[in-house]
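Several structures are given next for inspection.
Two complexes are shown next, each including chain A; its partner changes from chain B in the first to chain C in the second.
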Partner chain A sequence: MQPTTAPARKKRQWTGPNSNMILGPAMILPAVVALALFQYLPLITAVLNSLQSFSPFDQSSTGWVGLGNYSDIFADPAFRYALLNTFLYIVLMLALTIPLALLLAVLLDRRLPGTTWARNAVIGALAASEAVTALIWNQMYEPSSGLFNAILHAASLPTQPFLTGGSQALVSIVVMTVWKDVGLPLLIFLAGLQAIPRELHEAAQLDGANDWQIFRKITLPQLRPSIVVALFMVTITATRMFTPILIMTQGGPQGATTNLALYSYLQGFEFQSQGTASASVVCMLAVLAIVTLAQSYLLRGQQEK
Partner chain B sequence: MAVQKDLENQGKVSRRTVLAGMAGAALTGAIASRGLVGSASAQGSYKLDLGGYAGPELTSEPVTLRFMRQDFTPDVNALLEAAYAEFKAAYPNISIVEEKVPYGDLQKKLLVYIASGDAPDIMMGRTDFTDAYHAGNVALPVQDYFSADYINDIPANLRAAASSGGNLYSVPWETSVMMLYFNRDLFEKVKMQTPPEVTGLDGGWTDEELVANLVEMNAKLKEAGDNQSWALAAAGQGNGGPGANYSQLESIWIRSQGDPNAAKDSAAYKTLMGISDDGFTVSGHIDTPEAIKGMQFYQSLFAKGLTPLGPVPNQYPGGLAATYFGGLNFTNRFRVPGKEPPFKWGVSLPPKGNIVFNGNGSDAPLVWSKSQHPAEAVALLSYLCNDKNRLAFHKTWGSMPSRTSLREQMSVFATEQPFKMAQALSDASYSVPRSPGYFDYFNAMNPAVKDIALGADPAKVLPDTAAKIDRLLAKYRR
Partner chain C sequence: MTASSLTLQAENGIDRTARRAAFLHHGASILLLAVVGAVFAFPILWAAMSSLKSTDDIITGTYPLSWSSFVPLKATLENYVYLFSELNFQRNLLNTLIAACGQVSVAVITSSLAGYAFARLNFPFRDVVFGLLLLTAFVPVEAIIVPLYRIMHWLGLVSTYPALFLPFACNPFGIFLMRQAFRDIPVEMEEAARLDGASPLRIFFSIALPNVRPTLATLVLIQFIWSWNAYLWPLVIMQDPNKQIAQVAIANLKSIPNSPMDGPLFAAATAVTIPLVILSIVLQRYYVRGLVTSGMK
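Presenting the complex of A and B:
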């Protein structure tokens, strides 16, 4: 569109009618370069590496192997187990984090006594170092001297192998991660709740709706954009979960807590196989893409309805 | 009685001794026949005692040598820094830049440096990975730079562990022995007999005796109202706890079930070797009935509640465990006046399966194959390994010397039981299973051992792990 405004406004566009053709791209160039260097280049490199084999000694490429690395990892039972565990982490994290964050956000939004303390505690956990948190929880889960087993012991209940039992280790890691990371979705929900006009609740109360009806018919629908954001964020967190697993179980017992992120690390740094590590990373990205696309599709469908 | 038996055994020449001697002679012969030893010797003209260095005179051009090693205790670090200062005073044109890396990250960092193409001139490696240093052209063959006397001073089995394809790729810095320490006070408290304090390889507890004694100890401690002390302390090697360090510790349970005198195609021989001759197959070696039996003994330590399921730092030195598997450094540290542990202690052999097994995998600095200053790097390394510096190091750090003459200069090796026993263990020690892919092997075995400790069936875990290691080693064939 040709400018039709006063000369003063024209002057602010620096020079002539085609100035935006230069200025616009120049303004976004830094962001494009950063994205290309730090997002797309590593991604392309990972894809290319997944199609090559490498010397286990100096990591130099020894040639193209097509989909050989992919067939290698799919033949590896540990990879299949890691793939399954990755989905388990996502499901458990979503199932525990989103409802808990929502509940805490609703309670904090009511400004009950102790709200400030509770909010600081949750944000404090979020701000804590992941490695330090994992080490502290590692101690608390310890079978002979940990806090949780001491509580069980005091209640005359049997000692639990929180991190050493095949059926408990993954859940134990998820519980710790939920405790640490519930703050982010909570803040998202809290912002969403505070953006809901109070008049809607007041009108519903005047119509005789009870608290549950107000929550279900007004609060939840109004929170949908916040829920979508929180779902994506928790999904990404769950997919790339790494530090707590490495510190607390190293992927054991018997691979019960290994996910694709840890599997890729082990392939690359413990077993000197850059090719299969890259193939595993590409698979992890594919999992993330599939899950987030599925979430987008499901949530968009509900909006359309 | 046991001492008598040991003395008798010392007079015998076993098949193992003959084989070790032949291997050592063959290696020395191979090195000598290539005319490499001291070929460019300028020995005697150096500006300070460069130990066994017999290479060319060092350059007078300005040179910076980079050395990557683990971080030792402050007193050992101080020794090394003082040594650098002395070297720098003699060769002011040579600067030394150190990089200290957490011990557990050394080998990973070494591989990352190699991949980067800009590695330090000297890196602390391990004899465990000698075949990888050879196959990957990581390390410089160093025998060219040393005198024959120096190389022959390294015991044959250690020399073989640091050599591959007829070349010496690293300089053994110390050697590993694993012994069974015990808390004499706790044994007295429950009125049990302590493990035999022998000086040779005979007379120690068997696997069955160890487990039975620890079970009895555990029961008696509980009876006495002691719910804090354990029969066996958590492993302190590596990151601690089960699966801490297969090379040094847990391999004892498997490889001691083997037999060096059995036929080469027998399960007993393969169990001891831990890998095929070509270094690429472990199925049939770590999953034999013998190996499974060994790991069942190991598992029983945890299943019977004799030792913690996770790492517990300083349990034995703190007096909270009756026994502990540790190296000679504990003996040395416990003997320092003012630093004695709060209990009377003693030391015995590791448990005997079919044989008493000791792995000699140990730290061994290497010179990067692409170092721009190979002679200077080897000279610095050799200087750090001269008698004066090594004796000071072993006295402070407490580990077992890797040269015969150093042991001879330390009178304790001739007079005191722990040292005599350590020497016997070292003389009969074996290298890790030989493979260019031992890093993968080690990294796959540690979690498998931990899983077994936590209750997984060795008869399932070991074959699965063997199949996994076979897959991992396949890439080294290419």
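Presenting the complex of A and C:
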């Protein structure tokens, strides 16, 4: 690898093709092999498998069925609920997480006594595992012996079914996930807030702007790039929600909390149906693509106004 | 009494008055901060408290609400004793540690090598490969888990330790992070070494790598925490109970029919979570930077 040419040509070697034609590709080789084998191969397999049918006995392909798997899953009410729930998770997570993170970021941005305590607590929740926090919240949600109902009971309020109630289970899971994951957009917003020049606020204050006006006219527009990033991250988090659902409700009651991630997991591992599992995975990726594309379209449109 | 200590005293005095003024002026905000901290810290602290209660106390003591809903009035270590003697939980912790160390090693190797190549070297299709890499940030593991399992099966790796971390050897986040760090090194440093006759590989090891130590620390921490917390993939790929990681072992305690394991469950959750939470808070400078950079494309 040692260059052997005259000093006058050294500059060209560094950026030019000679020495790097080998070194560059060699250095990315481990990553590229892993990328091809463990990311793209499964992804392509999933797309191809969604167009085939499989023997239930030995999992071998029994031929191409076109869009047969897709018409099968769309005929399955459980899938249609899972599709709907996936959108519900995304909408609820965005609607709760982003404003809360924004609020907390503004609160934490000022250096006050208690800032460190609150920030450490948020980071702690973020660093704890989904599985463990789901197990802890599962105990707190427990309808007959759980802490939340104990508190409601002590306050003379009606106790709630939480995870066992068809209409409450999904919201209960979302609340737990917001508690756990709000830290990520919050930290992104905090970094964004710290990048805003202080002079902007001071100038606005001198002009007699109140806190709300400063937030609306200075902070929010300046935070725009951070908000775009946070929207994407929360959308991905919400689309892939899985572990808390599996641990807290297994998708129940009656499929009320099943999303596409769980549906495809159940199809693939419980029902050993690779074709429909793959088809629902493709649908999940399609949902993710549609939502993120819609977001970037909407946000771009706003910027041009 | 010297002049400098006098000014120090005066500054302290000002500081104290300023703090008192801050308390009065921002009383509502400070109260709010205290509440926010309590809300976010509560579930984990409550689990740690409950791990010191017997399983019976946990089941009967929480409802209706009383002091024993929150604090262990008859504190006991029996859950931990049971966890580490009967359930052999140290075995699971060791497995988690093995998986996390494996994950950190492969991620550091692939990310620093590829990150440097993407940042500093020119070769054909570089930007295409980088684009394909970043695209996978949008593909969650939940989406590819069924075919990924088939591939591991085909490689003969099901229920082996490498199966726990090898599929995540290439992660877009790590490579992106390292690429940014290598880009921030002044080109002049590498130029100087090159003029002294150092080979590109030598420059990578003796100039570039030592200059990105803080970013390497971020990468190690993020990958370690990520692997420590992994649940779904180990659940699927590890069918040998002796090699199962802690997160899955804890979740299994939830569903033992007719024998409630709430005490050991809280103890295991505490043993796995508290050290990690403390680590993330102590090293939050690195942790937060890693999380925020991962979002800043």
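The rule is short, and it goes like this: the second predicted complex is superposed on the first by the 268 of 305 C-alpha atoms of A that agree within 3 Å, B and C clash if a C-alpha of one lies under 4 Å from a C-alpha of the other, contacts with A are read in each partner's own complex, and residues count from 1 in each chain.
Quick note on the criterion: a contact is a pair of C-beta atoms (placed from the backbone, for glycine too) under 8 Å apart; a residue touches a chain by one contact, two chains touch by 3 or more.
What you see is a predicted model, and the numbers here were worked out from it, not measured in a lab.
> Would you sort A:Thr239 into first (chain B), second (chain C), both or neither based on which partner it touches?
Only chain C; A:Thr239 stays clear of chain B.
> In the superposed arrangement, which partner chain does A:Ser144 touch: chain B (first), chain C (second), both, or neither?
Both: A:Ser144 reaches chain B and chain C.
> Considering only touches as defined above, state whether A:Trp64 meets chain B (first), chain C (second), both or neither.
The answer is neither, since A:Trp64 touches no partner chain.
> So, does A:Phe74 touch the first partner chain B, the second partner chain C, both, or neither?
Neither chain B nor chain C is touched by A:Phe74.
> For A:Gly251, select first, second, both or neither according to whether it touches chain B, chain C, the two together, or no partner.
In the superposed model, A:Gly251 contacts chain B only, not chain C.
> Under the stated touch criterion, which partner chain does A:Ala31 make contact with: chain B (first), chain C (second), both, or neither?
second
> Could you say whether A:Phe269 touches chain B, chain C, both of them, or neither, answering first, second, both or neither?
Once the two structures are laid over each other on A, A:Phe269 reaches both partners.
> Using the superposition described at the top, determine whether chain B or chain C touches more residues of chain A.
Comparing touch counts on chain A for chain B and chain C gives C.
> Which chain A residues contact chain B in one complex and chain C in the other?
Dual-contact residues (chain A): 59, 144, 269.
> Touching chain C in the complex: which residues of chain A?
Listed in rising order, the residues are 1-3, 7, 10, 14-17, 19-21, 23-25, 27-28, 30-35, 37-43, 45-46, 49, 59, 104, 107-108, 110, 112-115, 117-133, 135-140, 144-147, 149-151, 153-154, 179, 184, 187-188, 191, 229-230, 232-233, 236, 239-240, 242-243, 246-247, 261, 264-265, 268-269, 274, 277-278, 281, 284-285, 288-289, 292.
> Give the list of chain C residues in touch with chain A in this complex.
Those residues of chain C that touch chain A are 19, 22-23, 26, 29-30, 32-34, 36-41, 43-44, 46-47, 50, 58-60, 62-65, 69, 106, 109-111, 113-114, 116-118, 121-124, 126, 129, 132-133, 136, 138-148, 150-151, 166-170, 175, 191, 194-195, 199-201, 204, 225, 228-229, 231-232, 236, 247-248, 250-251, 254, 262, 265-266, 269, 272-273, 276-277, 279-281, 284, 287-288, 291-292, 295-297.
> Touching residues of chain A toward chain B in the complex: what are they?
Against chain B, chain A makes touches at 53, 55-60, 62, 72, 76-78, 142-144, 161, 164-165, 250-254, 266, 269-273.
> For chain B, which residues are in contact with chain A within the complex?
That would be residues 108, 111, 114-115, 117, 132, 135-138, 308-310, 312, 437, 439-440, 443-444, 447, 450-451, 454-456, 461, 464, 468, 471-472, 475-476, 478 of chain B.
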